[in-house]
Amino acid sequence: MSEVILEVKNLKKYFDTPRGKLHAVDDINFSIEKGKTLGLVGESGCGKSTTGRVILRLLEATEGEVIYEGVNINHLDKEGMRRLRKEMQIIFQDPFSSLDPRMTVSEIIEEPIKLNKIIEDPKARFERVLELMDLVGLSRRLMNTYPHELDGGRRQRIGIARALSLDTKFIVCDEPVSALDVSIQAQILNLLKELQDKLGLTYIFITHDLSVVNHFSDDIAVMYLGKLIEKAPAEMLFTNPIHPYTKALLSAIPRPTLDKKVEKIILKGEITSPINPQNNCRFSDRCNHAEEICRSQEPALEEVAPGHFVACHLFKK
Amino acid sequence: MTKYILRRILMMIPVMLGVTLLVFFIISLTPGDAASMILGQEATEESIAELREEMGLNDPTIVQYVRYMGDLFQGDMGNSYATGKTVNSEIAQRFPNTFVLTVSAIFLSVLISIPIGVVSATRQYSIFDNVGMIIALVGISMPSFWTGLLLIIAFSLKLGWFPSGGMEGFISLILPAFTLAIASTASITRTTRSSMLEVIRQDYINTAKAKGVTRNVVIRKHALKNALIPAITVIGLEFGILLGGAVLTETVFSWPGIGRLMVESIQRKDTPMVLGSVIVFALAFSVVNLIIDILYAFIDPRIKSNYS
Amino acid sequence: MSNKSEVIATENLIKTKKRSQSADVWRRLKKSPTAMIGLAIIVLFLFMALFAPLIADYDDEAIKMNVRERLQPPSTTHIFGTDEFGRDIFARIVWGTRISLFVGLISVSIALSIGGFLGAIAGYYGGRLDNAIMRVLDVLLAIPTILLAITIVAALGASVLNLMIAVGVSNIPGFARVVRAAVLSVKDEEFIEAARAIGANDFIIIVRHVLPNSMAPIIVFATLKVASSIMGISSLSFIGLGVQPPTPEWGSMLAGGRAYIRDYMYIVMFPGLAIVMAVLSLNLIGDGLRDALDPKLK
Amino acid sequence: MSDKLLKIEDLVVQYITDDGIVEAVNGLNITVDRGKTLGLVGETGAGKTTTALSIMRLIPHPPGKIISGGIELDGMDLLALNEQRLEKIRGDVVSMIFQDPMTALNPVITVGDQIAEAIMIHQKVGQAQASQKAREMLEIVGIPGNRSNEYPHQFSGGMKQRVVIAIALSCNPKLLIADEPTTALDVTIQAQVLELMKSLKVKFQMGMVLITHDLGVVAEVCDDVAIMYAGRIVEQGTLEEVFTEVKHPYTEGLFNSIPNIDDRKEKLKPIRGLMSDPYNLPKGCSFCDRCDYAMPVCETEKPPKIYFSDTHFVECHLYRDQQDFKLKGGMK
């Protein structure tokens, strides 16, 4: 029996915009077990990155709870949050902008250790930095270089080393490979996987790329315009997607193979943004199967099979 | 569009109120007593005290300010301590001269600078570009009062082509307008060049070229309009600098504008006149900025649609 | 590369000092001949300002009137000639350097510290504080810089101190805007969020991450502002609102010499050239720095 | 007329910078048949975009320069033409779609005018007629014609890319170069745009060079595939040949790096290391320092071109002496 490390309850994050309230994250629920990976999937504007940031309290939640190892982090004071940050970390999408261009590789990796007073002795701290560089496959000779002198893959390794420099147990990976070339992407994915096995890490893996998330995750949650619309174990979601959006998303991925041609579901229209949303299914205006009820009532997330949750009026048919 | 313009005009009001408040308080710091100035050295203590009371100079500054603003809204900026004439009439008489001078200077600048900036950018690192940019930098570095003196020496005293000062017809406008225009020409040229360089690297320029649009049309139609957006900002800022520069240029060329009026009034400690001049300058500058913002909306459709 | 040789190479590299970024900037700046000319000129001016007493005697040559030697054209004894009171123009220019550079630097420091502080907190905290600060600055910006300076000096009276205050204050809004824009451009970078994620507080974030990364445009702007302040100081002195005679100042030298330009053109020639050279050199350096600090623009 | 629409021979393009010379393209050969689509596949820095810009003759100069080689388009020697002739060809015979739709449209000109411009240049028609045609083009790419008076910022990313496509196709070009046309788009939007491009390809009967890093996109749209690495084509063949009989170790590496969506247990086998420094390419095979099959000869000698069929070739030493050499990974 594995234990739940993180639980998200009725989480909401709204932003004020000139055109109204943007419901970036709107009442989502999920939990993650220790040592597992939850894939958070969706297209631009679906709220997946915002969710990641609210979980780490880099953004304050509008409503709802984030419970990490039994502690509601929304209620923690500064000091409590500081302690927690040692365990909860983030890896960013853009290895170009997520590293301070004025700091060297070793300074970047060292900063969290120094800041959180993990190791006070400079010499021991330096040893630890070298150790971390080895761990993520960064050659030690790069320690005095600046990020802009390195390629995207190595920069992402720096970001990973920084995230691991504390007593990290839980990492939000925000599109960690989408800025990288395919061959480098595979290197980083393998590294993240190895680190998880070695250090028992728990990941939330945020991505728009379903093939990456399938490879990587235990559970997958699909988001659309701030809502969680389907959640299931990866295997189940891929073999038996229920929500029309998930189906379309799965079929839309270009597959690098000549056999097993998948019938494409082409959606109409484009992604809008969840500003002042109506009480309807947010996908209804793009859905090929939408019915009257979809336009007048918002579907709730319901369990249709053990572990498989869907928010759609039509699955019952 | 009307909504946008109205909004911009409304935004001007608090700024102008702030300007009057600020300037009024700065000027109220001026040492010396207005009443004794008006009455001259022979005045008795009593008559001075009487006048002080009458002018309300014993009231707190803020009360004086409110009174001043009340008058200002009725179009009255008080009377000059030095001449006794109304500030309004004096400024009304002088303002057109400053207007003519600065507007001709900015026209001259824009006319010269935009083409040079564009050509420099399209031929980056050519001799034309390099020499042009060095001249522009020197132009920015020359104080207008000195340039004015040099121009007087050369074209008035030595060659006798133009008068060295005063305001007698178009011919006397040429030297001061040119003097005033130098620095802004240089600076608008530099901005035009750099924003043009920025624009011609954009993807949409490649799209245009890939359509088969000729080089000249790419520059004229696709690049220039985009490059003008930052250039116009600088034209607006330069206009402010021109207004400031008018103080110096008018002094050098004895041009009867409000710049010179202001300097003379400062020397005469004629505070109502100084106050009036600064406010008019600030108002003129704000109106220019308003025009600039409206121009923006015409060039850049993104602004227009934000307010429709 | 084998493991062993890598370790050795590593140890060698750890010992070598890391290459500093200012060295990089200097390397790029050196490539610009115009910036180097500017630097040479300004060093010359600094030298003149520092060693003015060794170059010319203040009381004897720069201040004392000497009617017998008035309005002498340049010669070997007076290389720039003498003015209407028979004072040596070269000596006055040398001493004027002190005033111009000193007042220029001090007023920019005033503007940078006040404007920079306001701009930094406005940019970093945003929201209402930002709004309040920017609205106040809008008022200052509505008055053209030089007019604001003139108004301040007119009210406070003409003196070197008031000149510094006037030029300094009138430059505050400019600095606030530049610093704010610089901070804003850095603030939303992901590395700031990364710093927050590792538990850094606002102070550490501002000092260690925001400021170092927003320095480039501020340095450039400050350099250019020293130039324009020097110009502003001489402008004010020219219209009699700055440094008062007989103190040697370039602008007031021009004002004094104005009456004699028909026959004694050199009187206005040299002080004016001094202004141009000082301002130009700083502008050249500013331009060079802009390119050197931001290699992307090249 | 030959059935070859585009023929590039031994193309060499360099960028001359302060830090040295980058050989962005060195000795590139590709051909595109009329009405066929060639997928040009490679990673960042492989020289794909440089190749595209060379065909358009839009290499920014300085620093870029076409050093040698030949580009023949529809029987014309592009490298021999002057600028005026090129302007007549661009947008008419060959046109191009750029990667980022967000920046590819001029923000201050209406989309209708941006489409009409190309029509007016090449078809010598008046403003009214061109605007009419522009509206028709918008309809063809799935945008209501009455939106032609709107500005680019009023369109979403996918819509913008449709406008870009409308511009490119407005004069019925014989060759379309599409540089990563869907990379910046969301998956469901990408599916829409790919679908549109596939149908337009048939409708307009044009040849196409589709530049991409995504083998999935290639499988969907292309007839032929060329794999590019460090400025050269390392393997080329029909879609069938390249996808079923991978020959080059780099091609194999690319396939093994992609997570297989239909088999989540499969382990990724990334290509180790990084692409060689473009300032300083190895003397022999550019891929040899990352290649699992590298032999001593790979480091010293440029690999020969080995043909397996009229259409399928590879540049690799492995097959010089034994044509039937099999890569370890085989195919999925």
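We just call them A, B, C and D in the order they show up, numbering each chain from 1.
Everything below uses one rule, namely that a contact is a pair of C-beta atoms (placed from the backbone, for glycine too) under 8 Å apart; a residue touches a chain by one contact, two chains touch by 3 or more.
Note that the coordinates shown come from a computational prediction; the quantities given were computed from them, not determined experimentally.
Minimum number of contact steps separating subunit A from subunit B: 2. Chain pair with the larger contact count among A-D and B-D is A-D, by C-beta pairs in contact. Rounded to a whole number, the gap between the C-alpha centres of subunit A and subunit D is 32 angstrom.
Separating the CA-averaged centres of subunit B and subunit D is a span of 53 Å. The distance from the centre of subunit A to the centre of subunit C, each centre being the mean of the chain's C-alpha atoms, comes to 48 Å. Viewed as a network of touching protein chains, the structure reduces to one closed ring of chains, two contacts apiece. The chain pairs satisfying the stated touch condition come to A-C, A-D, B-C, B-D. Across the complex, subunit A meets subunit C through its residues 53, 56, 58, 78, 81-82, 85-86, 89-90, 92-94, 97-102, 104, 111-112, 115-116, 139-141, 143-144, 146, 159, 162, 165-166.
By the touch rule above, subunit C contacts subunit B in their complex via residues 34, 135-136, 138-140, 142-147, 150-152, 154-157, 227, 231, 234-235, 238-241, 251, 254, 258, 261-262, 265, 268, 271-272, 275-276, 279-280, 283-284, 287. Across the interface of their complex, subunit A is touched by residues 43-44, 156-159, 186-192, 194-195, 213-220, 239-240, 243-244, 253-262, 264, 266-272, 274, 332 of subunit D. Residues of subunit C touching subunit A in their complex: 6-7, 9-10, 13-14, 16, 18-19, 21, 189-191, 193-201, 204, 208-209, 212-213.
The touching residues of subunit B, counted against subunit C in their complex, run 14-16, 18-19, 21-23, 26-31, 134, 137-138, 140-143, 145-146, 149-150, 152-153, 157, 240-241, 243-245, 247-248, 251-252, 262-263, 266-267, 274, 278, 281-282, 285-286, 289.
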